[in-house]
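Following: one structure in structure tokens, then a few remarks.
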Amino acid sequence: MASTIRVRAINSGDITEVQALIQHPMDSGYVKDAQGQTIPAHFIQQLTFEYDGKAVFVADWGPAVSKDPYVKFAFKGAKKGDDLKVSWVDNKGASDATTAKIQ
Amino acid sequence: MAPLDFSPLRRLILKGAGLAALTGLGQIGLGLPAAQAASDKYPEDAFKQKSDADAIKALYGRSADASEQIKLDAPEIAENGGVVPIAVITTLPGVTSISFLVSENPNALAASYVIPEGTVPSVANRLKMAKTSNVIAIVEANGKLYSATREVKVTVGGCGG
Amino acid sequence: MRACALFSSVLTALGFAVFVATALPPARAADAPDPAADAKAFRDYFVKKFPKVKLDDFVNGPYSMNEDMRKQWEEKEQFPPYEFALEAGKEMFATPFKNGKSYADCFANGGIGVRQNYPMFDEKEGKVVTLELALNRCREANGEKPYSYVKDEMASLTAYMAFTSRGKPFDIKIPADPRALEAYQEGKRYFYTRRGQLNFSCATCHVQSPGERIRAETLAPALGILNAMPIYRSEWSGMGTISRRFTTCNSQIRGVPLEPQSDEYRNLEYYLSYVSNGLPISGPGARP
Amino acid sequence: MSRTIGAIALAAVLLPATLIPARAASDADFKTAYAAADAAEKQAGALRNQWTTTEAALAAARKAAEAGDFDQAVAQAREAEALAKASIFQATSEKEAWKALEIK
């Protein structure tokens, strides 16, 4: 199956702007389903972006981050064609990772 | 000026180091490699706190002062509480972390970001809001805590079905 | 019984499309349907009501009329929430059926850049065929089970097809077939007819009150409302098709929704698309 | 026109209260009331104009009958019938009234 991670990393001069969208329910644990049963909390806890073996951005998330979460940040020092590694792990221990080329 | 990497600071708090142990830590250059951040421990305790003040304390071990150097961008009225775009950018030097809190949510802390050296102190994300609430951005810079607050009105809550 | 008399006369009206199909087209009365004039009046109404909104911007619904909301939308569009559905749709569209054929075999130009031509009037069947209907018919003709009309796969497929038509103006045709004109007229009638316990018509909200809030929602203008379909609605936390939009609208006014792709909804889509002719396809869209 | 509908809907709420007989309603009373409501709702269905509130009242009537509360079951069935009749009235009057809303 396709990756749950979509990344756009665009370099311009010294700055690389990164946007990511991740497919994840981000269930808060406060919502009930149609049968009135509480949907257990299920959310990404940590999302990490690594460049050149170093973390350039780490997100610690709680269940108040929106479904299919989105984040945008920028970092210095990368150039076009370089790799950016993205990985996440959720509160149930599931995880996914991908490597994106900086454009 | 090279900002110090203070991200291990709040991890220490989580490990129960206590406030006393933190005194003076701001002067110690914690020269840990940036890669360390990737294996940082998830601040579980801070996410469990109900109020914004308790969450900030659990995360950083202190309270924050309002700063004009933080620009918190959020809508006046959220079109849907389930997806509220919120962004922050700051001109403060030496930023090591940025966090977002929604005061009226069941658990105030929504997201916390580690900003290693070389990363621009600016983050945009989308958060859930249960109802009309203050949104607080916390910026940790040079070992100090700063904040910016904005009220966002919510007519369709993000905790419904 | 008076109620029965009324009842049968309404049935007669509903059966009118069938009636004209078999009888000779009668000479048109003074108030005979004139779709071209309707479309012009429809467009003029919105342009006059919202002088600051550019014509092509109506396809962006409530975002065309509220700056705070527009900012939130522009932020969303940086990495839109329909992205996953769009990619899934592209993959599904390219994947052959078990018999080796594919969606491309069912559509003109291989299905690429054709969304603006739907719904079209099928003169063989004598009825309106929507894109959603055509997709399921394509599946069934190739031995596959039809999809639910309201979301998931159908939303993904139509998202992809809309995407390949982005910017192309709606180009709905009413052929010189009295049944086509009647289908259009029936669609118009449905659009303006009050229903449900709230006694609202589609027009009550989407003609008289666009930009205003009802409960907590900002109403979209009817002009261009289908150009953005399918949509990711934050309220749904997911994608929805035109069928989903129609059925939820009906239940919101406390009316029992009709079956997706019933004649009424097909005609409604025909009418609503026709009066938005010339406005660009912008789907898939993101909405509150 | 919308006022008429409102009046009918209001009557639907008031009627059951005034028409509940002094003696407790029986299963037979429920069946009679329900059949009348069901027939009206079917007619609304043929007009393609059922209301969700009618459906809800019918369901509530069935539920009350199953629980043996025939007073409540009859009251709900009568409300359903009134609602269904209002929806029939709406559909028939809208046959021409819709034109008043059209953009010309």
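A, B, C and D are the chain letters, set down in written order, and residue numbers restart from 1 in every chain.
Quick note on the criterion: a contact is a pair of C-beta atoms (placed from the backbone, for glycine too) under 8 Å apart; a residue touches a chain by one contact, two chains touch by 3 or more.
Keep in mind that this is a model prediction, so the values were computed, not measured.
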item	value
Chain at maximum distance from chain B, centres defined as averaged CA atoms	D
Maximum inter-chain contact count - chain pair	A-B
Averaged-CA centre spacing for the pair chain C and chain A, given as whole angstrom	35
Computed distance of Cα centres, chain D from chain B, in Å	56
CA centroid of chain A to CA centroid of chain D, Å	52
Computed distance of Cα centres, chain B from chain A, in Å	17
For chain B, residues contacting two or more additional chains	82-84, 87, 124, 126
Residues of chain A touching at least two other chains	67, 70, 72
Per-residue overlap in chain D, given as positions that touch at least 2 other chains	none
Chains touching one another, given as label pairs in label order	A-B, A-C, B-C, C-D
Footprint of chain C on chain D - complex, ascending	2, 5-6, 9, 43, 46-53, 55, 83, 86-88, 90-92, 94-95, 97-99, 101-104
Parts of chain B lying in touch with chain C, wherever the complex brings them together	75-80, 82-85, 87, 124, 126, 155-156
Contacting residues of chain A [partner chain B, same complex]	15, 26, 28, 30-32, 45-46, 48, 50, 53-67, 69-77
Residues of chain A touching chain C in the complex	2, 6, 8, 19-21, 23, 67-68, 70, 72
Chain C residues within the chain B interface of the complex	62, 68-69, 71-73, 75-76, 81, 213, 216-218, 234-235, 237, 288
